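Each of the next two complexes has subunit A plus one other chain: subunit B in the first, subunit C in the second.
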Partner chain A sequence: MSGTDIAFFLLALAAIAGGVTMLQLTNVVHMVVALVMTFLGIAGLYVLLSAEFVAVVQVLIYSGAITIIMLFAIMLTRHHRDEKERQTTGGVWHKAVAAISVIAFGLAVYFGIRRLDFGADGSALAGDNVKTIGKLLYSYYTIPFEIVSVILLVALIGAIVLAKKDGKEAGDK
Partner chain B sequence: MTLSAYLALALILFCIGLYGALTKRNTVIVLICIELMLNAVNINFVAFAKYGAHPGVRGHVFALFAIAVAAAEAAVGLAALIAFYRSRKTVQVDEANSLKH
Partner chain C sequence: MMEQWLESAPSWSNIALFFGLGALFLAVVLTFVTYAILAERKVMGFMQGRIGPNQVGGRFGLLQTVADVLKLLLKEDTIPKAADRPLYVLAPIIAFTPSFMVLAVLPFTDAFRFADIGVGLLYYIAVSGLTTVGVVAGGWASNNKYALLGGMRAAAQMISYEIPLVMSALGVVLLAGSMNLVDIVAAQKDVWFIFAQPLAFLIFFIAAVAELNRTPFDLPEAESELVAGFHVEYSGFRWAFFMLAEYVYMFAMAALVTILFLGGWHPVAFLGWIPGAVWFALKFCAVVFVLIWFRATFPRVRADQLMEFAWKVLLPLSLVNIVLTAVVKAWFF
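Presenting the complex of A and B:
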């Protein structure tokens, strides 16, 4: 068992443990913090897959930005009776049907990917990945890159419009 | 590590996210579970970029695009959540039923 294998198992364990803890906890803030462990574990896995740039982006965007705006949304909407209420929709049957369907889906996909192997040894990505990604983004993928910037702008303006107070409500103050 | 180990890990994370999105009652947690599912898909992109039939950095580029779109989705989803909270004073998924009755 090589060092890479051990690192993979530790990071995979951290990622899955974060997800399972998230499902078990009842406090919403604790759930978000448990998810940070999953996101950091996934970032470590990206490093193992020699995707250093994606790993850094993962830490910045997911562990940083998305977690923080989720915490802000919780604090802006939170009320104290939350913790005594039930946390899930429906009853036992709803949860049982959801669990069985998800497990069936997981098994079906698992039998498809169990023996998948393309014979690549993973040596193709050695070297200067960030430089290659930058060159690809600004040459071959220029148009998708610009479209993503438009999507981000539209999402920004849309979020402001959606979260803004109505004209009537704002006028009252 | 082989390709199937990474794919199995991504599958487990996707199943956790799917179960949470189907059963959790708080809208913020449902959104976070959707982010977890998108992360599982990103693991697949990066794993195929290293161990796939045609190794190369194009999988990384696609993962970056997916991350950007997921960030936009989170921003719009949370803005909708704030608007919903302002009108109904709740964030529970099963109380958003005005269109149902």
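Presenting the complex of A and C:
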């Protein structure tokens, strides 16, 4: 077992443990902190795949910005901590079906990717990750890139419009 | 020399070597924090016509911070009854760990640096953003209205000022053609980027002060309105961790400004016989002094002014700077 394998197991464990912890916790703020652990584990996996840029952007966008925005949303809205609401419903059959479908899904994914060929090893690109991604984005993928930027702009304007309307209605009352 | 070690095959002696170097570096950073706090108190004291600490450790109060840290160690560790216990305990750790992680990518001289990664600049900004999570979590877990307000302000401020910070650094990246901090320093061999990118430097420095939560942008811990902000409920060593993170970030940010704009370890004109480490230390100390100077002389801005300044002044200016830099680079290089 090489160092890469050990690192992979540790990072994968961190990512999965974060996800499972998130599902198990009952407090929403705790869940977000557990989610950060998952994001960081995944960022570590990107580093192992020599995709430094993607890893750093993952930390910047997901662990940083999106987590903060989720924390904001959670803290500024009222939420009751009703333990009763979160009690699991459904009996043995419910759980058995869930377990079988989880196992079936796992097997399907395993057999699906077992013989998958990912092509050449990408680690040769590790040195100038950013340059390669930038060149591809602004040459081959220009149109999708521009469309994404337009969609983001529309979302931004939509958010402003929604916020404005709320303010006016509140003012009328 | 360090580069050979970084690229050598992993072995136990290698691990021991890097552990030793890391511990040495930790000692350097902690010494800096100790004396930065003293320097801050002394310089501010002189600027305000006071004397500053002068009792513990001789005429200049050289052991004042050491005594303060010892006091913090001995202090009772209180956790409020209504606090969210696990998050309250975890928050200082989340806030503090990234501050040491960012130090790994900073090149201090061409021989003394730890990690040499292609996206060093972005790594710094991404990892330093994790501290915000700790600050917000600490503010929320304290179950105190002032702490929550402080945490909210910290999050809003850090997200807003991260954008001009990155955007202004992009001008430097455009000129250097790399996000690797070592390459950025190498690109400043002839002209420091503070002269090639004066606008970017101004924006970056303002945004850096805001990221550090220092006056005039110290709203998250505004004493007069929020008691002490997000760490109002913390005491003893947990509080010391928040403070330590703040001063380690001061170290890291001063080093980053030196690397990005002041030419890192490159000497001034004919003074090349002075070693690079000394040059780095001199520039670094100048940046730290300016940070302290700011704190002693500027009043605090209001919360609404803070946001308007980031989004309506700094962001458009940094976009203009990017366009200008791109035009200059396309025509003259």
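Assorted remarks:
By definition in this document, the second predicted complex is superposed on the first by the 128 of 173 C-alpha atoms of A that agree within 3 Å, B and C clash if a C-alpha of one lies under 4 Å from a C-alpha of the other, contacts with A are read in each partner's own complex, and residues count from 1 in each chain.
Criterion: a contact is a pair of C-beta atoms (placed from the backbone, for glycine too) under 8 Å apart; a residue touches a chain by one contact, two chains touch by 3 or more.
Computed from a prediction, not measured in an experiment: that's the story for all the values here.
Once the two complexes are overlaid on the shared chain, A:A65 sits against subunit B and subunit C alike. By the touch criterion defined above, A:N27 lies against subunit C but remains apart from subunit B after alignment on the C-alpha atoms of chain A.
Once the two complexes are overlaid on the shared chain, A:V57 sits against subunit B and subunit C alike.
For subunit A, the partner that touches more of its residues is B, with subunit B and subunit C as the two candidates. In the superposition on chain A, A:H94 makes contact with subunit B only, not with subunit C. Of the two partner chains placed by superposition, only subunit B is touched by A:P144; subunit C is not.
Look at A:L136: by the touch rule set out above, it reaches subunit B but stays clear of subunit C. Of the two partner chains placed by superposition, only subunit C is touched by A:G3; subunit B is not.
Residues 53, 57, 65, 69, 72, 129 of subunit A are contacted both by subunit B in one complex and by subunit C in the other. Here subunit B touches subunit A in the complex through residues 1-9, 11-20, 22-26, 28-29, 31-32, 35-36, 39, 42-43, 46-47, 49-53, 55-58, 60-61, 63-65, 67-76, 78-83, 85-86, 91-94, going by the rule given at the top.
If you check the complex, the residues on subunit C that touch subunit A are 10, 84, 86-87, 90, 94, 117-119, 122-123, 125-127, 129-130, 132-133, 136-137, 140-141, 148, 152, 155-156, 158-159, 162, 179. Looking at the complex, you find that subunit A touches subunit B at residues 4-5, 8, 12, 15-16, 19-20, 22-23, 28, 31-32, 35, 38-39, 42, 45-46, 48-51, 53-54, 57-58, 61-62, 65-66, 69-70, 72-74, 76-77, 82, 85-90, 94-95, 98-99, 101-103, 105-106, 109-110, 113-118, 120, 122, 124-125, 129, 132-133, 136-137, 141, 144, 148, 151-152, 154-156, 158-163, 165. Listed in rising order, the residues of subunit A touching subunit C in the complex are 3, 27, 29-30, 33, 36, 52-53, 56-57, 59-60, 63-65, 67-69, 71-72, 75, 126-130.
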